[in-house]
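Chain lettering (A, B, C and D) follows the sequence in which the chains are written, and residue indices restart at 1 in each chain.
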Amino acid sequence: MPKNSKHSPEEALGLERIVFFSDAVMAIAITLLAIDIRIPEIEPSVAAMELPGQLAAITPNLLTFFISFIVIGIYWISHHRYFSYIKRYDTRLILLNLMFLFFIACMPFVASLLGRFPSVPIALVIYTLAVAALGASMALIWRYASKGHRLVESHLDAGTIRIINMRLFVAPLMFVMAVPFAFISTFAVIVVWWLSPLAVILATQLWARK
Amino acid sequence: MPKNSKHSPEEALGLERIVFFSDAVMAIAITLLAIDIRIPEIEPSVAAMELPGQLAAITPNLLTFFISFIVIGIYWISHHRYFSYIKRYDTRLILLNLMFLFFIACMPFVASLLGRFPSVPIALVIYTLAVAALGASMALIWRYASKGHRLVESHLDAGTIRIINMRLFVAPLMFVMAVPFAFISTFAVIVVWWLSPLAVILATQLWARK
Amino acid sequence: MPKNSKHSPEEALGLERIVFFSDAVMAIAITLLAIDIRIPEIEPSVAAMELPGQLAAITPNLLTFFISFIVIGIYWISHHRYFSYIKRYDTRLILLNLMFLFFIACMPFVASLLGRFPSVPIALVIYTLAVAALGASMALIWRYASKGHRLVESHLDAGTIRIINMRLFVAPLMFVMAVPFAFISTFAVIVVWWLSPLAVILATQLWARK
Amino acid sequence: MPKNSKHSPEEALGLERIVFFSDAVMAIAITLLAIDIRIPEIEPSVAAMELPGQLAAITPNLLTFFISFIVIGIYWISHHRYFSYIKRYDTRLILLNLMFLFFIACMPFVASLLGRFPSVPIALVIYTLAVAALGASMALIWRYASKGHRLVESHLDAGTIRIINMRLFVAPLMFVMAVPFAFISTFAVIVVWWLSPLAVILATQLWARK
């Protein structure tokens, strides 16, 4: 464990347990995503002939698994990156982090729901809002921890703090904006989803030019 | 790992493994809570029309998931907070901690049971007793570790030890008291559940005035 | 991490990852034990009346969950205790440890099998042999690591090594001896199971007197 | 944590979290392999007579569980061994590692599929390709990290780097070569699978003689 004059060893250990617990929850959720994909039920005598078709029928489940793996993967990277700046903790940070983990724990359920009903608007809306809530929780964690250098390194650059803040809020905003498209088509929603990383990059570029 | 003159590095490593194992069990249980929520089975042709109604029908499961997430979350915070005072361990502490983890491992099952039968007295009684047993285990861990500063820091304030003791016993007591209300209505039980944090705060205040 | 002149920091980190991976597998298996207990399927209108009876019907599942939790708990304690003496590792230790984890990973399946068919001899035999294999793996890990102080602290007492060796082999031996009783009755097998800790204590006592 | 002048303590902690998250995902996947093995459904009255036959019928599931446990076990050992040489990390290493974890997370699904349809070519092809992709990801991690000593210890021998590179690519290559055999018979595929460790050993020997 790195020695750091800003916090006592006890605090470092406490922070490590928070990070560890979060890693464990994210690892379980990301691995459980695939568990709910149903193996087709086919009579052995016709299995060789019917299995390819049955597997094609669960393509939406496989795609949702893949997309959700990327979503949790991206937020694990965010958590990994931004918690490396956080050096102290308090009860509110723990509560915000539990809120983040709540939406992580929701992912296998909302992913299964979308995989089973990929073209039903309410399934698309629930999935999109769950991802938006996940992103918003991460943004709130950062906002709370970084405001006035509350829990981050005191020498952390104010510009860096603001860019991270902006980046973390753009992604959930894009997801909220994708909600009305759920009533048009699944394809439209997916287009807006994929635009969100582009929006993050664009917003970062514009911000940097200012 | 923090250096500490009160215990050898081997003991610190052993204690870290206990904490780590507990975190892993709590992380798994909290993530598995959502796994058992059933995706409704609907024919694709009527899915768009029937899914909202079917999702409304699983509201009790979603609520139980949410409540159970809070329960495990609260006890994770307790475990995190009170184990930060514990500096040594013995076999009895390990056994009490395994008892605590046993009731953590029961949560996904009792939550599923309550989610499926939210108005059946026996499901309410089982859930309430499981949470009470979880709380009582945490209280016993603290009582055992703190008595005569058995396993905690020797300079830990006796008043702090007593307040934690009292707090940890009030919550499971409230849950036991909620049991008879299960035979009146689900709503009555939930009211008593939500009163338990208030009781903890009230008891702490009264204690402090003494 | 404890400083130790017997091994380089890299080796300590490698050993920590082995212990960590084992803890994670044991934590998952112990929590998954309860996941497979089926919630009874009852029509809502008769749920209040029929649920107590249906829960009584899954008593074998609940008992098997409880026994299996104790089994994994005991072997977690063993792993925790005996790995605290192990200071180095090689590929063979990793392979023996993976064998141990294989039988840990089998526990949820064999427990479900026994819970569903508590009075069928083959289910009893499979469960008993799985627990025996788990115990034998732990015994082999210790035997390999401690022989000639291969991987343990060089100042570890030879008497202690022998007592641990003997203890770890008595438990799986008792379980193997319980196998024929599976063809008499479930109750007979359970009696032999519960005698195994007594046998361990007795053997330790006799050994100490020698 | 080992002190090392090549990287700051923050970097060491960041690397530890990557390794930890990977361990947790592998631990969950390896334990979930057995979860999907179905307990046979038999009427209690005929259970004693029919259970042995029903268990014989799930032999393919048990074998696939066993083979997949070995596959994940081998790649855990690889990850453990080769990450011990890696001392720094960047975003690309994290992404390659997430790709590796994606195929780890796929294992319970592809193993279930093969266990249910052991003689259907497409199930064999999917399983074989999933293991090949897992191996290729590990090989890419090493290639990326070791090229020009990008992320590994600067004093690591160039010959060692090349041997590891070669070893890690031979295994997935053998699995890709096993694909056409899926259209002949399950047995032919399994023979090619088991030849892959021999190919790794042979290739290493030939390389060493050069």
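Descriptive notes on the structure:
Everything below uses one rule, namely that a contact is a pair of C-beta atoms (placed from the backbone, for glycine too) under 8 Å apart; a residue touches a chain by one contact, two chains touch by 3 or more.
If you're wondering where the values come from, they're calculated on a predicted model, not measured in any experiment.
At the interface between chain B and chain C, two copies of one sequence, fewer than half of the residue numbers in use appear on both sides, so the contact is built from largely different positions.
Seen from the C-alpha centroid of chain B, the farthest chain centroid is that of D.
Taking each chain's centre as the average of its CA atoms, chain B and chain D sit 36 Å apart.
Look at where the CA atoms of chain A average out and do the same for chain B: the two points lie 26 Å apart. Taken residue by residue, chain A touches two or more other chains at 1, 20, 24, 28, 32, 35, whereas all remaining positions touch fewer. Across the complex, chain B meets chain C through its residues 1, 8-10, 12-14, 17-18, 20-21, 24-25, 28-29, 32, 35-36, 91, 94, 98, 101-102, 104-106, 108-109, 112-113, 116-117, 119-123, 126. Chain B contributes residues 1-4, 19-20, 23-24, 26-28, 30-35, 37, 39, 42, 44, 47-48, 51-52, 55, 69, 73, 76-77, 80, 84 to its touches with chain A in the complex.
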